[in-house]
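Chain naming follows the written order as A, B, C and D, and within any one chain the residues start at number 1.
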Amino acid sequence: MTLEVSDLAVARGGVRVLEGVSFALPPGRALVLRGPNGIGKTTLLRTVAGLQPPLAGTVRSEPETLIYAGHADGIKATLSVAENLSFWAQVFGKSDISQALDAFALAPLADRPAGMLSAGQKRRLGLARLLVTGRRVWLLDEPTVSLDRDAVAMFADAVAAHLAGGGAALLATHIELGLDDATVLDLGPFRARPAELDDFDEAFL
Amino acid sequence: MNFNALWQYANPKKFIETTDRVLPAISVLAGLCMVAGLIWGFFFTPEDYRQGSTVKIIYLHVPSALMAINIWLMMLVTSLVWIVRRHHVSALAARAAAPIGMVMTVIALVTGAIWGQPMWGTWWAWDPRLTSFLILFLFYLGYIALWSAIENDDTAADLTAILCLVGSVFALLSRYAVNFWNQGLHQGASLSLDREENVADVFWYPLVVTMAGFVLFFVALVILRTQTEIRARRMRALLARERMG
Amino acid sequence: MIALLARDLRLAVRAGGGFGLGLAFFLIVVTLVPFGVGPRTQLLAAIAPGILWLGALLACLLSLDRIFALDWEDGSLDLLATAPLPMEGAVSVKALAHWLTTGLPLVLASPVFALLLSLPAAGYGPMVLSLLLGTPALSVIGTFGAALTVGLKRGGLLLSLLVLPLYMPTLIFGAEMARRGAEGLDYSTPLLMLAGITCGTIALLPFASAAVLRINLR
Amino acid sequence: MMPDLGKYAEAVLSSYAVSLLLLVVLTVASVRRARRVRKELQDIEGKMRKDG
């Protein structure tokens, strides 16, 4: 169930941003993507998640093992915390949400409408969603935005537990999570080179 | 016949180079045919014994109506080519053709209304064919609006292609629905295999010339507009690249 | 899929969900028409089937952009796209939820509104039946339009422009069926055509909607 | 030279006028846009070549 990415090229807004990206993510490991803003971390994650097609290269993984969490958490303000979580659990064919509530200390808030949560609490709810899906490989885009220090620790624990249980995580983040098994991949060298000016072909660039 | 050779023109650069060579000839020919056909039709045809001089409107009405429908068909084909083979020129040709099709629809509608006034005593009747053209006009309008509303070129090409496919099915459905809804005043098709029954030769020959003129006019214009779209597309790509640094 | 349906229904009836807006709009249309054309009962009875169909269609149109816009804004659509649910299924469920919250109430309320417009007694059955058959098609076609315009700011007007011509066949056959019913004529042909359109759109259009949605999520 | 159009002169002439006007407007608009885009693209390409 290793996630293998080979020679991947991705585009944002019709412009090639990254090319030649290759890595493997075996079970129990975490891979942290680094790089300046705009280099294409989000685009890379969305491509791996299958939300957009790659320009070139392949993403290989076992079917139904990936779960993506982006900047938005998909939380419905008028539903309670528990309702939000059980919905995603049901979509992924699971039903138990108590473990996820505990992991992010959401149990006391379970009956509160999600619209009444603070930004950090919402983010915790969004991350708790990862646990209820039971997917093995997490693809996380800036997961610690708007979390306080305790919540970051909570998140690091959850990731560590996930890795210990044989899961894997691909993260785009700038924060040190103190994960033992994390490898860092700097995306700087993979920045796509502009094509020749006269190369007036199918892609217009 | 080697059809694969045809696909090389899907390369934008090759397309521009090739069409640049034939465009002047086509434009001249289009102008000649249109002027000749319209002058022939306007000055040198007799009056119809029932319709009087209004029969001269046929040289605008029929070719434009014909083009209005066929341009949509051409857009359908190029949309399919884009979806299947993903040649950008194909998608851009559909984009370039849409406004021409809309103008043709407007001409068909306006000349139809002006013709209908003395013949049927009304500018507008909810006759199946008139109604169908109004619906076609709405389809063109929606298609063009969708193209211009989306910033990302590839997304716009994909979405409009699918809209064109779905729209074609619904346009066909509307055609039958409208027929069922109201059997109209319109005469039968002016063009059919047994044309002798509908249009006499004196009217037919200039009509053929005018139709050829309209077709060539469309071809010339769509080539020009496709070139423009290709250049605009390349320009946007270059600007985007510059912004990326 | 059932979870998604349950969630959408729950969202619709909770505060700010927009449930009942369509119904209110329908009522407004039906109330305004007599002011526009005058209170003559005979005239109203003659145009009642058409007004009811137009009102239902516009009420449907009004709520279309809610189908995907909210899920798009809060990121649910991205998450749904990576969920084990096939996109075609999700789209169909969305359309079903839209019909249950908008179309079905309109069908159920239409006899009351027909009363306001003094529809002949014989017309009630065919009118309700035509709406029952036709509104699902309106929801499915509308879902396609909503999927097309989901990423656009100010997509509302464009959505109407795209969807209205697609509504044409449904409207023609639906209103024709209701009209023939009200006049006591045989309405089996438009009934069959309407049923055919509804079945066809339900079977085929979700594929187009799902394809369009995937493109928009890229 | 001018053919006798009889009582329908208005209808015939106005439909020719409207149609030809629309065709000319379409053509002129297309040609002007083609010229403008061609020139803008040349400018940009020239600038980029100079910058390297």
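Going forward, a contact is a pair of C-beta atoms (placed from the backbone, for glycine too) under 8 Å apart; a residue touches a chain by one contact, two chains touch by 3 or more.
Quick caveat: nothing in here was measured; it's all calculated off a predicted structure.
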Chain pair showing more contacts of the two, A-C and A-B: A-C
Most widely separated chain from chain B, with each centre as the mean of CA atoms: A
Central chain (by mean CA position): C
CA centroid of chain A to CA centroid of chain C, Å: 37
Gap in Å, rounded to a whole number, between the CA centres of chain B and chain A: 48
Separation of chain B from chain D, taking each centre as the mean of its C-alpha atoms, in whole Å: 16
Centre-to-centre distance between chain C and chain B (centres being mean Cα positions), rounded to whole Å: 32
Touching two or more other chains - residues of chain B: 234, 238
Multi-chain contact residues (two or more partners), chain D: 45, 48
Parts of chain A lying in touch with chain C, wherever the complex brings them together: 46, 49-53, 64, 66-76, 78-79, 83, 86-88, 90-93, 129
Residues of chain B touching chain C in the complex: 135, 138-139, 141-142, 145-146, 149-150, 155, 158-159, 162-163, 165-167, 170-171, 173-174, 176-178, 180-181
Complex contacts: residues of chain B adjacent to chain A: 10-13, 87-88, 152-154, 230, 233-234, 236-238, 240-241, 244
Interface residues, chain A side, partner chain B - complex: 13-15, 17, 194-195, 200-205
Residues of chain B defined as touching chain D within the complex: 38, 42-43, 47, 52-54, 56-57, 60-61, 64, 99-100, 103, 106-107, 110-111, 114-115, 117-118, 217, 221, 224-225, 227-228, 231-232, 234-235, 238-239, 242
